[in-house]
Structures are given as structure tokens and as C-alpha cells.
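Presented below are the structures under discussion, each in the form of C-alpha cells.
Shared between the two complexes below is chain A, which pairs with chain B and chain C, respectively.
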Partner chain A sequence: MIPVLRAAVNTLVHVPDLVRYGSKPFREGSRPGSFLADLKARLRTFEDAAAYPPHQAFIGNLRPESLADIPSPWYGHPLPGASHQGPFGEILGQGPFYSMLEKADQFGLVSLDAGWTPPANGASAAAKGLMSAGARRGTEKEIRRRIGSGEALALEHEGALIGCIRRDHEEDESLAARVLLENLAAKASGAHALRLLLEKARLPAEEVDYILSCSEEAIGDRYNRGGGNLAKAIGEMAGCPNAAGTDIKAFCAAPVYALVHAAALVQAGVVRNAVVVGGGSLAKLGMKSHRHIEKRMPVLEDVLGGVAFWVGPDDGESPRLNLEMAGRHPSGRPSTPQGMMEALVCEPLARAGRKLREIDKYAVELHNPEVTLPAGAGDVPLTNYRTLAALAVIRGEIGREEIPAFIRDHGMPGFAPTQGHIPAGVPYLGHALAAMRAGTMKSAMVVAKGSLFLGRMTQQADGASIVVES
Partner chain B sequence: MFDGKKVIALGERDGIPGPVLAECLQAAGTEVVYQTTACFV
Partner chain C sequence: MDLDNQATIKQLVDAHGAENLVVVLGMSGEGVRIAAETLTTGDPSWAGPLAGVSLGLPVYHILEERVRTRLPAEIYAEKVQLMEMVLDVAQIEDALAGLRKTQAKRS
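Let's turn to the complex of A and B:
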């Protein structure tokens, strides 16, 4: 059975009042000083976040290539008439998301003030279906007592206290309030992406057989940190009663690994409809906010990302996930940029007798450069495209003078939030699907990398790639 | 030029990894006292 990519969805959740619980802001805010006040002063409104050109590209209202025509800074040039709904995505507001957090919680961890009604912010029907009915709302007195005792973290909306989230064990760090908030945020945003996928693709929830979560959070308790299977929890919340699932953990490369696994399961006939889903990373909110504050720009890392992809058997019109060209980076190979790109791109193409320039588009790590450059972290996609172009020169496919044209024609500006796994090439799949169905593109290769060394178990990096072709 | 020098090698995921920097610098005669690789995204 040939596996095809039936549908792709990208979602964003604008959560300005949760940025303070990102890993870096939480650390900086715990120290004496004005950091939290400075952060608050530079947070964006929902309208500003929705009209931000990279976000519009993320949900499909703007082609990524068009970003090159928008003057810098992009945050100073919001897209006129921008909608928070896109052909393959949605930008959700914080109000409905808090309600989703409450619904995602089955253990009484989240208490929202009974006097607060979450604003819908024009949320889609898919999002509204995931909002809580408010059955477990708390009182302000009880919420303040829990926060005061140190067992709970405050949840605020537009600066006002509207609830809290509590720990579920006094001594288990895996069940601390901030960890549980991260986990529930990943679950709720993942369920949002999955529900939107089902509705946009008209895939009945009952027909999802298997879910692969590529979310980053280490769900578990102290005896099983990272125990996992957020996939099943997301599937349950999204209303997929016949779906089993599992998590794919591979740092930022997980989404591509998950696509490879999903395609393999379909090709082998183990399942008929597999879904890959990734919820957002709360820990990465405001990761570079101290630099954004220094440079007097908005704190751009104020959104949780979400992705969902439907992999099914050949329907005669959707592009194929070509497993014969799945790329991998064996442990004996160098983790240098050249070594990784040779393993992930050159070797799979060589197996199929293809040249680098025969792939229409490469979707590499698509981090928004407007987030990373002010922090001195470089333009990540451009760095990767330069490596690819240099390999094309070394292989005699193009001349040195053709490098800029190769990067322009086969690459794109970064447009994804710096959410780790979310930018890993896969946000381009919605665009690729649209172009392939319109007959303007034949092939795209998604190339993801993962920084395994961050976990201190190996000095190596990792990566995975896959080709989608009509 | 590196003989007898002590070196701290800071690598980057999309650039040159720390262990690669360390190997080159050791071959050039330095003592690498610390090496690491960072991921800035």
C-alpha cells in the first residue's frame, strides 16, 4: 500500500500571559530586577500576533517565499486584513486555550475562576469543541489560597488573575505545577491541531487508527520520567475512540521520524489511517526574550505551535511519502553540517538516482530569523541552505556562482516559531500539498535535525528526512 | 602558535560541533580544558 500525505495542519496559540512560565523567563523572573515588568511591556496583542507575516505564512495565508518581499522588521509590517483562520491552520487566542487546558485536565489540577468567562476570540468550531463546559470552576478565594501556599501557579489573562494550576505531589518534580502546565499545554494544543485536521480534511474521528505524537514533553512521574504516550491522551481529547498511539522522541527531529514511522505503518498494512501530531512547547516561550527586550522589539516567542498530518493509503490524488528516499544519520557518521547533510540529503537522493537540484523545495529547520538574529543565533534556514548549495557545488551539480540562485529557488525564508520540533521542516507540508495539488510542484524534501547532546547521553546530533512527491 | 595553550571550545549544532573543534585544537598542540556544543534554537 503506497502511503500518501492526505492533509496537513499548522496551528498557533497566542499565550502572552504564559510567556513568564517559559524556561528562560521563569529563571530570569525569579531573580531580583525588572525582567518580568520589561517582558510584560513588550508582549503583543492577539491582533498583532495574528497579523504577523510569519504567522500568516504558518497557517497558509501567505506563501513563505513572499516573506522575502516584506520589508524588515516583519513585526512592523502586519499583513493588512489578516485573518486568524487559514487554509490549513488557525491562530487561537489565550482565552479559549485556558478553557482547553481545563478540559485537558482530568485530575482537578486547573482551577479557573467561576466569575471569568473565557472569550472565544473567534475560535473555529474545532477549537470550540475542545473548550470546557466549566464544570470544575473555582472561587477566587480558593485560587488565591492555593497560589499563596506555593502549591499552585497563577494563571492570568490580560494581567488579571483568572485561575491557577496546582502540583499533584509535594516531592515529585515530574508532577510539579510548572511541569504539569507544560504537559497539559502540549496536550491541549496537540488536540487542537488534531481536531482541526479532522475537520479540514473531513476525516471521521472514528477512522483514525493510530496517532504518533512528536511533542517534546517528558510525560511521566518520578519513576518513569518521559514515560510518554501523550499521543493517546491527545487522541482521547480530540475524540478518536479507535486510535491507539505512541510517542516518538527524537528532539527536534521527532516530527520527521514520526512521518517515516506513520508511512511505514501504512505501507506495511498495519494501520489504514495514521496521524502525526505535535503539541506546543511551553518551555520555549520567551526563550530569547531578554535579547528582544534589550533591542526594544516585541517579545516574539509568545505562541505555542501545533502540527498534525494525516498519512493514509493512496487515494489517487495526494502526494506520496517516498520511503525509499527516507534519510537517516547513523551513529558512526560525523555530526558536522556537511556530514549530516550528506547522510540526510545526498545519500537518499543518490539511492534513487536523483540530483539535489531535482528536488523542487527543501524544507529545513524553518526557524523565523527575526526571532533568532537579534539573539545572535543566526539565520538557521539560510545556514542550512548554504550547506546544501555547497554540497551541490562539491558534487559538480551547480557552479559556485549559482549558489544564491540555488538557495532562492530551492529554499525559503524561515517562518516557524522557535518551538523546537515545530520548525523541523514539517510546517512547509501544508504549502507543499497545496502546490502539488495545483500542479506547480512535484517534490519537496523535509530535513530535520535534533540536538541529542543537550541530554548529555551522547555528543552526537541526529536527523531524519523524507521526500513528498506528486 | 597553539603549543602549550589551554583552550575552551564552544561548538554549535548548525556550525562546528564541540568535539570536532576539540580534536582539531588538540592536534594543533593545545590542551582542551572544556568543550561543549550548544543549540541556539
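Let's turn to the complex of A and C:
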């Protein structure tokens, strides 16, 4: 059974009032003279976030390559007539998302004010199907009491209190209100991406057999921190009654690992239809906002990302996920940029007797440079493309003078929000699918890297790659 | 500059003496200037162990011509050649040259 990529979906949820619960702003908030007041003043409206060119590229209304023609700064050049619906994605507003959080919660953790009706913000039918009927709404008095007692965090919309989320144990850090908010945000945004995938690809929910979640949150309690299986919770919320599933954890490399696992399960005949899904990372909201505020920019890290991919058996028209060219980075290899790229790109190509130039496009870590450059973190995709081009020079495949052309032809500007696992190459798959179906592209390699050292268990980095080809 | 790295270098200076040490950087971008400044005149952000500590260490970058051309060919090919094509070497050399000029004027 040859595994193919049937469909891909990218979603964004614009959540300006939740940026304060990102890890950096939340820590900052308890310090004297914190930047939270400045942060509030620099948050974007839903319309501004929707018309932001990299977001339009993310949901498929703009080719990533076209970003190179838009003058910098991109936030100063919103796309006229931009829609929050795209061929393979949706930008969702905060109003419907709060309602989804309420629906995602089965333990009475989220209380929304009975007097507040979440605005639908033109949400898709897929999103509306995940909004709560509002059966468990609270009163403002009760919400204020919970926040005042310290058991709950305030939920605000356009600056006004509209609800709260409470902890579920007094001493368990894994069930603290902010942790549960992170987990529910990943669940709800993951379910949104999955539901949109089902609708766009016309895949009946009953036919999903297996779900692999590559979300980053550590779901669990004090005895099982990171216990997991957000996949099953997402599948339940998206209405996939026949789907089992599990989580794949590997920092930012997880989405590509999950695609490899999904393709392997389909190829082996264990399941027929597997779905890879990644929900958004609340912790990374406003991660570099202090730098953006210093530089008088809008707070650009105000969106949760979501991705979903359908991997199924060959239908005669979708591009194949070539497992013979799956790349991995064994623990005995150096974690240097060169060591990583040799293992993840050159070795799989060598196995297939191919050269670097023979892959049409490389989808590396696609972080939006407008977010990372002001924070001194460089242009991540450009550095990766330079590394690939330099490897091609060292291997005698191109001349040194051909580096800029190699980067232009085989690369693209970064267009993904800095949500860890979300930028990991996979947001390009929607574009690759469209190009392959139109006959303008034959192959794309997705290359993801993960910073394992952040967890302090090893000094190593990690990575995974996979080739999609028509 | 990373606070742990500042602490490590301070320990090395305490153990071996600044006159016996040379620093060879490997980072890129804005970090080069900041690290070089931190290791010579002190931490400009006043946040780390080298805040107000002027070590005056000689600071070079692995990709500066006078450093990379002295490496054994095998090590250059294995560990340096690729990054010479990836990073902006001219910017790195300019950043260090500018800092050395300012410091020479001061001293």
C-alpha cells in the first residue's frame, strides 16, 4: 500500500487577549515595571492579523515566494481585500475560539459569562461545529469570586472580562489553571485544524482510523506529567468515533516524525486513513514581544497555529510520501548544522541516487523572519537554505557563485508563526500539494529540527525529514 | 551574551589568568559584537557575571581570515568550510575590526 498525502490544512487563531498568558509575558507580568501595558497597546485587531501577508501565505491565499516581492515591513503592507478563509486554511477570531475552549472542557474548568455571546467573526462551518452551546455559563459574580480567590485566571475579550479558567487541584502544578489553559488551547485549535481538514478534503469523520498528535503540550497530572494522548481527545472533539491515536513528541521535529509514522502505518496496512494533527502553543505567544515593543512594532506573536494532514492509501492522483527517503539523525552523529543537514538531506538523497538540485523545493524551519530578526535570532529559513547551498558546493554539485540562485529556486521566505512545531517545514505541504496537482512541481523535501537540549536530558539536537513527490 | 558562558569564562580567567587566554567566537550576527564587548570591557547589559568586569581578553572569530587560514586543512574542511559560506564573514570581520579600533583609541 503506497502512502500518499491526500490533504493538508493550516490554521491560525488570533488570540490577542491570551498573549498575556504566553510564558514570557506571564512571567513578566509579576515583575515591577513590566511591559504588559505596552504590550496591550501594541496588540493587533483581527482584521490586521488576517491581512498580514505571512498569515495569508499560511492559509494558502498567497504563495510564500510572493512574500519576497512585498516591501518590508510586511505588517506595514497588509494585503488588500484579504480573506480569513483560504484554500487550505482559516484564520479564526478569538470570540469563536473562547466558545471552542468551553466545548473542549469536560471538567467545568472554563466558565464564560452567561451575559456574553461569543461573536462568530465569520467563522467557517467547521469552526462553528466546534463552538459550545453555552449550557454551562457562569455569572459575572461567580467568575470574579473565582479569580479573586486565586483559583482561576481571567479570560478577557477586547479588554473586558468574559470568563475564567480554574485550576483542578490546589497543589498539582500539572493541573494549574495556566497549564490547563495551554492544554485546552492545544486541544481546541488541534480539533479546529482536524475538522477543517475533514471538511475541505471531504473525508467522512467515521473513516479516520488513527490520529497522531504532534502538539507540544505535556498533558497529564502530577504522577504522569506529559502522560499524553492529546490525539484521542482531539479526535473525540472533532467527532471521529472510529479513530484511536497517540502523541508523537520530539520538540519541533515531531510533525515530520508523525508524518513518517503515519505513512508507515498506512504502508504496512495497519490502518487505512491516518491523520497527523498539531494544535497551537499558548506558551509561545508573545515570546519575543519585549523586543517587538522595544522596536515599536506590533506584537506579532498573537496567533496560535494549527496543522492537519491526511495520509491515506494511493488514490492515483495524490503525491506519495516516500518512506525510502525518510531522513533521520542518529544519536552518534554531531548536532552541528552540517552534521544535521548531511544526515537529514544528503543521506536520504544518496540512497535514492539523487542530487540536492533534484528536489524542487526544500521546506525547512519556516519561521517568519519579521518575528525573529528584531529579537536577534536571525533569519532561520535563510540560514538553513544557505547551509543546504553550501553543502551542494562542498559536494561539487554547484559552484560557489550559484548559491544565491540555489536559495531562490529551492527555498522560500519564512511565513509561519513562531509556534515551535508549527514552522517545522510542514506548513508548506498545502502549497506543495496544490503545485503538484497543477503539475508545476514534482518533489518537495520537508526537513524539521528539534532542540532536544532545551529539556536538559541531552546536549543533542534532533531532526527528521521526508520527501513528498508526484 | 549567555550568562552561563560569561560565568564559565570568568572561572577560566580566575584559574589561568587573562594573559594566558584567547577567545575564539563561533556565533553570528549581532551576538559577535556583544560577546566581544562583554569579554573585553564587560557585559553591556549589566545582567551577567561580567557586568562591570573588564577582562580585556583578545577576541577573534573562527571565520576571520587570519584565524581560518591557520587551521589544519582537515579540520577546516570538516568543521569550518561550510559555515564560511553560510554566515556573513564580512559583517563579522567588520564588527570585530570596529570594536578593536574603538578599544585601541581608549587605551
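List of remarks:
By our rule, the second predicted complex is superposed on the first by the 469 of 470 C-alpha atoms of A that agree within 3 Å, B and C clash if a C-alpha of one lies under 4 Å from a C-alpha of the other, contacts with A are read in each partner's own complex, and residues count from 1 in each chain.
Throughout what follows, a contact is a pair of C-beta atoms (placed from the backbone, for glycine too) under 8 Å apart; a residue touches a chain by one contact, two chains touch by 3 or more.
Computed from a predicted structure; not experimentally measured.
Judged by the touch definition given at the top, the superposed model places A:378 against both chain B and chain C. Applying the stated contact rule after C-alpha superposition, one finds that A:120 touches neither chain B nor chain C.
In the superposition on chain A, A:389 makes contact with chain C only, while chain B stays out of contact range.
Of the two partner chains placed by superposition, A:161 touches none, neither chain B nor chain C. Applying the stated contact rule after C-alpha superposition, one finds that A:420 touches chain B and leaves chain C untouched.
Judged by the touch definition given at the top, the superposed model places A:336 against both chain B and chain C. Between chain B and chain C, it is B that contacts the larger number of residues in chain A.
Once the two complexes are laid over each other on the shared chain, residue contacts for A:403 go to chain C alone; chain B is not touched. Counting contacts as defined above, chain A residues 336-337, 376, 378, 383 meet chain B in one complex and chain C in the other. Remark: chain B residues 13-20, 37, 39-41 touch chain A in the complex. Across the interface of their complex, chain C is touched by residues 336-338, 376, 378, 383, 386-387, 389-391, 393-394, 400, 403 of chain A.
For chain C in complex with chain A, the residues that touch the partner chain are 28-31, 79, 81-83, 85-86.
Residue ranges on chain A touching chain B, taken from their complex, read 252, 334-337, 365, 367, 372, 375-378, 380, 383-384, 418, 420, 423, 449, 451, 453-454, 459, 461.
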